Amino acid sequence: MMLVRDPSLQADLTPSLRERLALLLHDESEQLDTGRFDAWLALFTPDCVYWMPLSPEQPDALDHVSLFYEDRLAMRLRIERLRHPRAHSLKDLIRTSRCGATPVAEKIDESTGDLVITRRFQMVEYHRDRTRLFAGIYTYQIADFRDDPRIRLKRVDLVDSAAPFEAIETFI
Amino acid sequence: MMLVRDPSLQADLTPSLRERLALLLHDESEQLDTGRFDAWLALFTPDCVYWMPLSPEQPDALDHVSLFYEDRLAMRLRIERLRHPRAHSLKDLIRTSRCGATPVAEKIDESTGDLVITRRFQMVEYHRDRTRLFAGIYTYQIADFRDDPRIRLKRVDLVDSAAPFEAIETFI
Amino acid sequence: MMLVRDPSLQADLTPSLRERLALLLHDESEQLDTGRFDAWLALFTPDCVYWMPLSPEQPDALDHVSLFYEDRLAMRLRIERLRHPRAHSLKDLIRTSRCGATPVAEKIDESTGDLVITRRFQMVEYHRDRTRLFAGIYTYQIADFRDDPRIRLKRVDLVDSAAPFEAIETFI
Amino acid sequence: MPFTDLVAENRVHRKVYVSPVVLDAERERIFGGSWLYVGHDSQIPAAGDYFCTEVAGRPVFMIRHGSGDVHVLHNHCPHRGALVAGGRTGNARMLRCCYHGWTFQVDGRLQAIPCMESYEGSEVRIGDPRFDLKPLRSAVYRGFVFATLNDDAPALAAWLNQAAAVLDNMTERAPDGKLEIAGGCFRAVQRNNWKVYLENLHDGMHPKFVHQSSLRASDRVCRGEEPDAGSDAALRMRIIAANDQDFEQMNALTVDCFGAGHSTMRGFRNPRSDDPVAREYEEALVARRGAAEADRILSLNYHNANIYPNLSVHPSFMQLRVIFPVSVDRTLVEIWTLRLKGAGDAFNRRNILYANTVHSPSSIIKVDDLEAYRRVQAGNAGGTEWVSQHARDRTASGDATGSALSEHYIRHQYRAWGHYMEGHRS
Amino acid sequence: MPFTDLVAENRVHRKVYVSPVVLDAERERIFGGSWLYVGHDSQIPAAGDYFCTEVAGRPVFMIRHGSGDVHVLHNHCPHRGALVAGGRTGNARMLRCCYHGWTFQVDGRLQAIPCMESYEGSEVRIGDPRFDLKPLRSAVYRGFVFATLNDDAPALAAWLNQAAAVLDNMTERAPDGKLEIAGGCFRAVQRNNWKVYLENLHDGMHPKFVHQSSLRASDRVCRGEEPDAGSDAALRMRIIAANDQDFEQMNALTVDCFGAGHSTMRGFRNPRSDDPVAREYEEALVARRGAAEADRILSLNYHNANIYPNLSVHPSFMQLRVIFPVSVDRTLVEIWTLRLKGAGDAFNRRNILYANTVHSPSSIIKVDDLEAYRRVQAGNAGGTEWVSQHARDRTASGDATGSALSEHYIRHQYRAWGHYMEGHRS
Amino acid sequence: MPFTDLVAENRVHRKVYVSPVVLDAERERIFGGSWLYVGHDSQIPAAGDYFCTEVAGRPVFMIRHGSGDVHVLHNHCPHRGALVAGGRTGNARMLRCCYHGWTFQVDGRLQAIPCMESYEGSEVRIGDPRFDLKPLRSAVYRGFVFATLNDDAPALAAWLNQAAAVLDNMTERAPDGKLEIAGGCFRAVQRNNWKVYLENLHDGMHPKFVHQSSLRASDRVCRGEEPDAGSDAALRMRIIAANDQDFEQMNALTVDCFGAGHSTMRGFRNPRSDDPVAREYEEALVARRGAAEADRILSLNYHNANIYPNLSVHPSFMQLRVIFPVSVDRTLVEIWTLRLKGAGDAFNRRNILYANTVHSPSSIIKVDDLEAYRRVQAGNAGGTEWVSQHARDRTASGDATGSALSEHYIRHQYRAWGHYMEGHRS
């Protein structure tokens, strides 16, 4: 249910903790797919960031534009908009479905002590009789992963991040 | 290989039972992808249903049309047609490939005692030099899951179930 | 993290060996997605073969053409070309992202003693503002799987192998 | 080459199916000249309910006024042209354009413009119809809403001609005398010209050939294992088996042609069934309409009717099929099911089962029809020039009446086609 | 129907948005007749640096010569026609065609042909301009590189007209007097005709209506929880809130029209802010330019400027938007951010944050604009024939100056449109 | 502008590559006027075997009659136009249309119509050729099946002209004197006009430039690690290295032009190799044909031949390339490998390995050709008007014979192009 790359993490990541973390990532995707945004946001830390770089090589989101670069407040803004009855584009429902590979516990982030987990994914979005396919890799930083795991960072690298895009209304 | 959401199920779902159930779901997909329809049908109970609603919100298949709503007899009809030499559209072979995420044992269905398992999936279908991508979530009800697990219900919710469709000839 | 079909393999495939093999397959994909070709090639045996048949039914690659049929030397050729500054088509970067299902340890190949593992996958390729979706099944033969697992054969069966294709520049 | 040279007495040039120039002219002259089915008024029961669709490729919506009237309006803001009604369905007390907030009454009349004062000196004013949402000419027959872009089209009832009787009969079959759209809408994409579909709809020659795969599958499945009479499985089997009727039975169906391309197919009265669900329904009808009237209603056995060019109704199972040409080789067909008000759930659910079995994109029956249509379209992309020898049954009296083995209804469709394509507006 | 019949004083025929024939003519006459923005010379700082793009649908590239000059060349080998410069950007001391190895100097002149001797007896020779990479007529204003396919176009500075002052002001805002492209380029696909986008850019009527969802979302999120002043969150909120200005504020913005379709929108001088990042920047400007000059520079408050037909600049946040028509209903817009050389990182990062908030495909502001454009496009695909009542503010003096509530800049765009479409080349 | 104005002596207007109007005319006049390769009769060995393909965009199939004859028929039912032969290949004792069951004999003649009696009074009857599957004019040369839509085309052998000798030689290379299609068919989509591909096929100037990446990759991989002589790896390396020949070697190849756009490229006799597989093959040939005849056969060293406009054969490795224009910028090429009957498996497997190495969509050689073609297509979408300076080697005698460094074969192709496009039918 979760692969562990760094052997030194094997001891820490007991089967039940692995399952807990795998469920966390599963829920993170599933709650977006089912539109339960409050439950989704509750999976994140107060200082969380949702980041989708324009280029996988860009070092940061300060001196380079990003497809998404949102703190908790900006995430809440998006959620409120998605719920607003006069979000004109949403008169036609958007649906999504994410399919993820087995996550891999990669390492401990040195500066924060967070656990870094990656997961390849593909997401199909349906809107106004058309579907779009998004694909790439999620990188999560999990705070307090042994006791009360929460997501401090969700980074999304799309395989086609450099492509021209139509509007992206939902989180990916 | 399978996540368990409901903690009360943890005891029941031993690692070897989890593997057995995961293999059951794997085989269910794989036998469709490889065209072994008899082996596929053998994974289902005699009172099985294969249901693909038109809308994820529709309460049932009686008062609302469905993309598929088939009992065992209707499933056998489809299988026989797929094998028939004068199924004109099949002069050009259809191939499929399903890629599923890790299944999640969600809960026990109260009315039947069946185990409910969900699994996100994507399927690519190839026919006459074109491919189509189907994506969504499978929901299985597994009868007698401890001893002789068989599928009583396979429900397929497509992310684009409301879209216009060309013919869908195979199970998804 | 890996399903085991053949019960007689259960004893051999301890949880830690399963994880090791699952990581091997994960890395095989991941190193292609991240362009680390030397590390990728190091996962293969010296007598390895990378084979993508034109038809899933073709018995061999000798009397029938293949989309890929490469020994280690040919694999190295492709890698060197992918790195060459005058590979004209690569002035526009190609990126890929693979999403695989849980692998299944199928059986021991009788002639070689290799472990046979299959894995359904989908891969999105991005090139020059367009994406393509490849889907199908990987079949691996793993040499010396108990002690020093390496890939002797990677076979790729695309669901649409019979389709017309534009150039395929990368491994899939 | 004038369009009418593409059609001869018994055949057509393959270009009628594959030429984009022909399709453009069809959109303008046929779809732009005839009445078109828009929707059923039960889709918009409450004041302000609306339903968005297309008429001859133009975005429109039908909306229920507080007065109970249904209006069909162009979905096209007179300011800069935005769609005003959003989504596929909705409810609005008044319509506000999302772009600059112009508001319109439910009948389309301009109500207010924000910062109206800055229009001073211009011709823009409330009350000038140029600044309203433009209405289409529309009419409702028995709840079926039609509209036309053609001011010279005849009155709807006259244009419907004998098809009105079919809509009458469908409506009267409801014990309460009312139908309602219910249960969802299939949207099927066909890989063929829109005419290929219409030319199939009374075709009694094709089922034995096209539907071999489902017929033989059903033979194999049933061998020694008949489903219980009255069960869903039995109904499904009966629906499949209908394609196995022999030519004599097909020849016994009457196909009548009338009006501008319209036609009906009908059979003898269905035998009184001893099935309890049907009996309960018939009793309900008798209870509401009296025995004689119920008998008259049930004696009419319309299998289907084409209301040229965009509607085909299927009274026996209460199905509507609405036809939208997308391109020369793509046609969108929307399939709706009607609920008979006053009939029991069990009876209405049969129509749902029917829709699933016949009209779902997954139907094992329809899939072979779609393949036949696709082959017609693909063949006509090349090959020789003249095809469609619609010559079967030359003796059908004046082409007006024939059987399901006859191609006279196709010849009748092409007479209407030629009439419209020559530019006649009435 | 001649193209100019599609445009009347206060309205246009919907065909201007949906007809492929119109788009072809626009490509040839408008995009092929005007100057077009190609890129900024900071994108190619070193000799041999090149950047590939399109001019009026034709592949071109701009390249830096060793002399420092920028050349704009057709990316079209005179041999068999291959693109010579590959990828989107690159560096080349000389250009070698990948197909048969013809080489060209950085100014396009043919340098060598392999096996030249076999051309003996033919007209192919080095030095004959027919065998060079053909240059476009190009000119650079303040680092902004423009090119034209029209030899009769006026000189660039004259054509830019008052827009030159905007480019001046943008450049002067950099303490070092230099701008550079930095931070990446968004590429947004809009589902609308290119003109629909240009017609929105000084539209002060739409924000309150179109952007309701983000405005109300921001109300809800902020309730009782104001972000810290000076924080990124506060800036984001301020950007969103700009769409909530009342009509009086919008009316206070001045929109000037001039030249061939160009226009600017400007406001009063921004009040002196006590925000330390802005102060630090202003001090840097004063230090480099002196107080009086800095004051003159900062007193100009251009919100944006349209340089018809392919560029919109946004001086306050140093954004460029470059417009590429793809088809009648698809438009590609590339959004670039400029760094002010000599300003601090913190100041420049605000422009990055602005780009993320407003121009990212994921922007919760832009998404509603895109929906409005899409609805205009979809509405104009059908509906009635004449739309776009660009009548607001008839009293704007000679249409030259009005406010953000006025539609005079759209009328001005259509005058330029008509001029070009009539075939005028200068 | 008449089409022939698009072509001058040494150059063409870029429109010949990008204009849909030109492509439509090419389909009608060139593909509709010439003979086209349909398939090889070894694909349909048994009576009733058929193979579906296209001729000039029209669906056709070739089918083996019980008499052994091959018929090429329009796949277009005379009733309503459906494709009659389904799938890509199949076997049928008689052909039954899936729609209404009309049946046809293998030579296309109408056999039966279900319920024939209802056609009474019409002109439909068995025996009237209007109701048959229409045959194309076809002919078989050495097993290669050709067809034409043009009744005035010359006889096939005359039209093939010297290309017949190439097909002769290919066939004679089989010890048993027979070839058969074997091993599968690659289907490659090129992002270029069909002519761009044909213009590459004797182009000896491009390999050193286009194929640098695979040449240098092979240098690096081989450094100090030569594969065993006679191994598959060695053959693969030799195939790659063929692109590294110097211009002198390329100049030593003879390119001859003849007929309506056809051409061949040939070299000196291949040196006798001491490779056991080749030796075994040569011995088999001598055993069957005698030493003198075998020597004559092997002395002819055709590298490839273009049979304008839809076939290129590659005798040395027994490859066929069949060209289908899809749109102005998409071309489908089908690549087939022929087995030499009577040669050993090891010898035939080299041709499979060759196909994998050169013609697979994954080929590291072909990928760079495809990129060159794509760049030609993309460049010609814009840029300047006249390109393709086909001027190299003006001294080739009467353009008829030159080397692989010469562009005379392209000039020859455009003479045929002009001839057909002017409307000549013979």
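All chains are identified by letter, namely A, B, C, D, E and F, in their written order; residue positions are counted from 1 within each chain.
In the analysis below, contacts are C-beta pairs under 8 Å (C-beta built on N, C-alpha and C of every residue); 3 or more make two chains touch, one makes a residue touch a chain.
As the structure is a computational prediction, the values presented were derived from the model and not from experiment.
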Neighbouring chains shared between chain C and chain D, ordered by label: A, B, E, F
Contact-graph separation of chain B and chain E, given in steps at minimum: 2
Centroid comparison with chain C (C-alpha atoms), farthest chain: D
Proportion of interface numbers common to chain A and chain B (over half same, under half different): different
Contact-richer chain pair (by C-beta pairs counted) among B-F and E-F: E-F
Mean-CA-position distance for chain C and chain B (Å): 27
Whole-Å separation of chain centres (CA-atom averages), chain C against chain F: 33
Gap in Å, rounded to a whole number, between the CA centres of chain F and chain A: 51
Residue list for chain E, restricted to those that touch at least two other chains: 86, 98, 210, 368, 371-372, 375
Sequence positions of chain B contacting 2 or more other chains: 1, 86, 88, 99-102, 122, 133, 162-164
Touching chain combinations (by label order): A-B, A-C, A-D, A-E, B-C, B-D, B-F, C-E, C-F, D-E, D-F, E-F
Residue ranges of chain C touching chain A (in the complex, touch as defined): 1, 19, 22-23, 26, 29, 33, 93, 95-102, 122, 124-126, 129-131, 133
Chain F partner contacts - residues on chain E that touch it in the complex: 54, 56-60, 74-84, 86, 96-101, 114-115, 118-124, 131, 134
Residue ranges of chain F touching chain C (in the complex, touch as defined): 182-191, 210, 212-214, 216-218, 220-221, 227, 232-233, 236, 240, 332, 337, 345, 348-349, 352, 355-356, 359-362, 364, 366-368, 370-372, 374-375
Residues of chain C that touch chain E when the two form their complex: 86, 88, 91-92
Complex interface listing, chain F residues touching chain B: 86-88, 90, 98
